[in-house]
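Please find one structure pasted underneath; my questions will follow.
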Amino acid sequence: MFTILANNWSTLLSGLGYTLMASLIALVGSLVIGTLFALMEISAHRWVAVIGRVYVEVVRNIPLLVITMAFYVIVPTYFVQIDGFTAGTIGLTIYTSAFIAETVRAGIESVAVGQMEGARSVGMTYTQAMVQIIFPQAIKIVIPPLGNQFINLVKNSSILAFVAGFDLMYQGKIIANTTFNTFDTYLAVGLLYLILTMPLSYFMRHLEKKWNVA
Amino acid sequence: MKKRLLPLMVAALCGMLLLVAGCGKSIADQDVLQHAKKTNTIVWGVKADTRLFGLMNTKSGQIEGFDIDMAKALTKEILGPKGKAQLVQVTSDTRVPMLKGGNIDAIIATMTITPDRQKVLNFSQPYFNAGQSLLVKKGSRIHSVKDLKKGDKVIGVQGSTSVDNIQKAAPQATVLQLSDYAQAFTALKSGQGLAVTTDNGILYGMSEQDHRFVVVGGTFTKEPYGIAINKGQTAMTKRVDQAINTLRRNGTYEKLINKWFGSVPGFDIKEVE
Amino acid sequence: MQNFIDAYSQVNLNYLLQGLWVTLEVSVTSIFFSFIIGTLLGVARYVKVRFFSAFVGFIIDLIRNLPLLLILFFTYFALPNIGVRLPVIPASIVAMTVFESAMLAEIVRSGINAVPTGQMEAARSNGLTYTQAMLYIILPQAFKAMIPPIVSQFISLVKDTSLATIILLPELTYHAQIIYGQNINYMIPMFVALAVLYFIVNYALSVASRALNRRLSSGIR
């Protein structure tokens, strides 16, 4: 395993870079889109809420691979040229946004309804109440599950291997194919993924415990 | 008292491990020829994504192509007329691990004989002489390998020799590696790259399927296809070689070549035999 | 429109349904095994038997933090090197089961954690053994709270079977790819079909879970 790591260090490292980049871009993107759809879901306008709900339900129930492949082959054929990395990152963003929308919605709803009424009754607008009263409280509830979503994102970014996205899994496959040493290669790739995800996952558990006590 | 659960848990885990380990008889180390004779079956790794060589017919659910017919003819030759050929789908990047792991007995899947591969695998004599070429959209500015400039994207398939070859022939181009030929051709059609590169035989198959794409520039490598068998399986390798000779002698080989490649425009049968 | 009519020919639809069947076969088998193994592992982690629980916990964490794709590769391509050789369907089931068991174990553990400790004490003081108390008192209560996360894990499992296309499991997504690989005009119709079929299966699962949840929670009152 260590010979594989040593001989292919630069390749694996660049793969790790792409994996991390795709995960970070998708995290930011899906946070924005996810929060947007969460707000739509709890909107007082019926049809806005319905659109939010439909988006979340549909995206959540379709495999990431199907969404990603659609962006890789359909979008370039009929619309605009995008490469594998872009298609993979967009797929990841859309897929994850549905889960984030669910998390954020649950977070906001868990902040008591009275809070919003109270804020409105002292003369705040809906937006002010949301931003100044509800969000700060919701964030604490939402952070641990969001952390887990990020871990999922890192793992799910291996989808880029399907669309030549140059990520860790793609490079690992190529190394396995050229060295014929599948066992050690996949052990090495696994180790690199764990280096990314394990600390994060223990940190999240720590955070969860700390905030539960508080 | 808590510990009462422990034996239960340990037993369950051990059971799981045994179950997994029990499935793993090391077949890769047995004599493949003898095992095949005993079961009256040869398990062939074949392509299911490559027109003319091995392609899944969605109508019948059967795989069809030159490699498939060869596999069937060789099986009959080796095991007698009652011998069964079991076909297992492989792609360029799955075939070697599957052979090494003993999931299949032999690979007949557009596989080029190369010195690197000969280090880890046995090969039969060549049964088809292909050469690498390029498939592009009609009217493309790419007419041969020389036209590939810096930043041009060429699509290849993981685990195939064509990826190494194109990196040597056109080092300035970017190579995108997909997992099989169906994906590669779809990617070319969606404009993910300017060309698909692989052996001419496979490319002719793609061009036949969709006439908007053409093979250009002739071949820039020689790719003799061989049947791959695990290292150390000398008896099986010899037997396969003999069987290929017989098929060449009795005319079966020529009949199969004509059946699959006779009507392909621009294909010179003399070149591949 | 003509593309859609051609794409959904009898032949192609049959081929897609064959794929759907394999998807369901692999999903259901993996759900069955991972439910049992996941529960055992979750309890094993919860009971805090010295070293053993810590060890189980560590293995669970390892698996949970790896991409399923890697576990699939490993099961199919790397394990044969050490003598474990599985055909594609069993290999997919084993890989899915290993991964999902670890995910479920975490759900089970936190589910048990949520049951008040008083319950265990009360059961024990009534003369139940630890195992009895676990089986009859704690686990049933824990499972009720666990239904939503478990079902969403099962939905993930159904979706994740699509990843096994990479080891050529002849399931739904793979069959769709073969169809549109042979005729590019079928691309959009195939993706629509994929979206609809996966949605139906998974939405049915989540509707069933909601109904089950409602029935169980109304049962208490």
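Order of writing sets the labels: A, B and C. Residues in every chain begin at 1.
The criterion applied here is as follows: a contact is a pair of C-beta atoms (placed from the backbone, for glycine too) under 8 Å apart; a residue touches a chain by one contact, two chains touch by 3 or more.
It should be emphasised that the depicted structure is a prediction, and the values quoted were computed from it without experimental measurement.
Novice: Of the chains shown, whose Cα mean is nearest the mean of all protein Cα atoms?
Specialist: Going by the distance between chain centres and the overall C-alpha centre, it is C.
Novice: Return the chain pair with more inter-chain C-beta contacts, choosing between A-B and B-C.
Specialist: Answer to which pair has more contacts is B-C.
Novice: Relative to chain C, which chain has the most distant C-alpha mean position?
Specialist: B
Novice: Quick check: how many Å separate the C-alpha centres of chain A and chain C?
Specialist: Here the centre of chain C sits 20 Å away from the centre of chain A.
Novice: In whole angstrom, what separates the CA-based centres of chain A and chain B?
Specialist: 37
Novice: Indicate the whole-number Å distance between the mean C-alpha point of chain B and the mean C-alpha point of chain C.
Specialist: Computed value for the inter-centroid distance: 33 Å.
Novice: Which positions in chain C touch two or more other chains at once?
Specialist: 77-78, 81-82, 166, 177, 180, 184, 187
Novice: Do you know which chain B residues sit against two or more other chains?
Specialist: 97, 100, 179, 186, 189
Novice: Which residues belonging to chain A are in contact with no fewer than two other chains?
Specialist: Each of 73-74, 77, 162, 173, 176, 182 in chain A touches at least two other chains.
Novice: Spell out the residues on chain A that touch chain B in their complex, using ranges where they run on.
Specialist: Spelled out, the residues of chain A in touch with chain B are 72-74, 76-77, 81, 83-84, 162-164, 170, 173-174, 176-177, 180, 182.
Novice: What part of chain C is in contact with chain A in the complex they form?
Specialist: Listed in rising order, the residues are 61-62, 64-70, 73-74, 77-78, 81-82, 155, 159-160, 162-163, 165-166, 173, 177, 180, 184, 187-188, 191, 194-195, 198-199, 202-203, 206.
Novice: Give the list of chain B residues in touch with chain A in this complex.
Specialist: 92-93, 96-97, 100, 120, 153, 158-159, 176-179, 186-187, 189-192
Novice: Contact residues on chain C for chain B in the complex?
Specialist: Interface residues on chain C, with respect to chain B: 11-12, 15, 18, 37, 40, 43-44, 47, 49, 52, 76-87, 90, 94, 129-131, 134, 166-168, 170, 175, 177-182, 184, 187.
Novice: Could you please specify the touching residues of chain A with respect to chain C in the complex?
Specialist: 57-58, 60-66, 69-70, 73-74, 77-78, 151, 155-159, 161-162, 169, 172-173, 176, 182-183, 186-187, 189-190, 193-194, 197-198, 201-202
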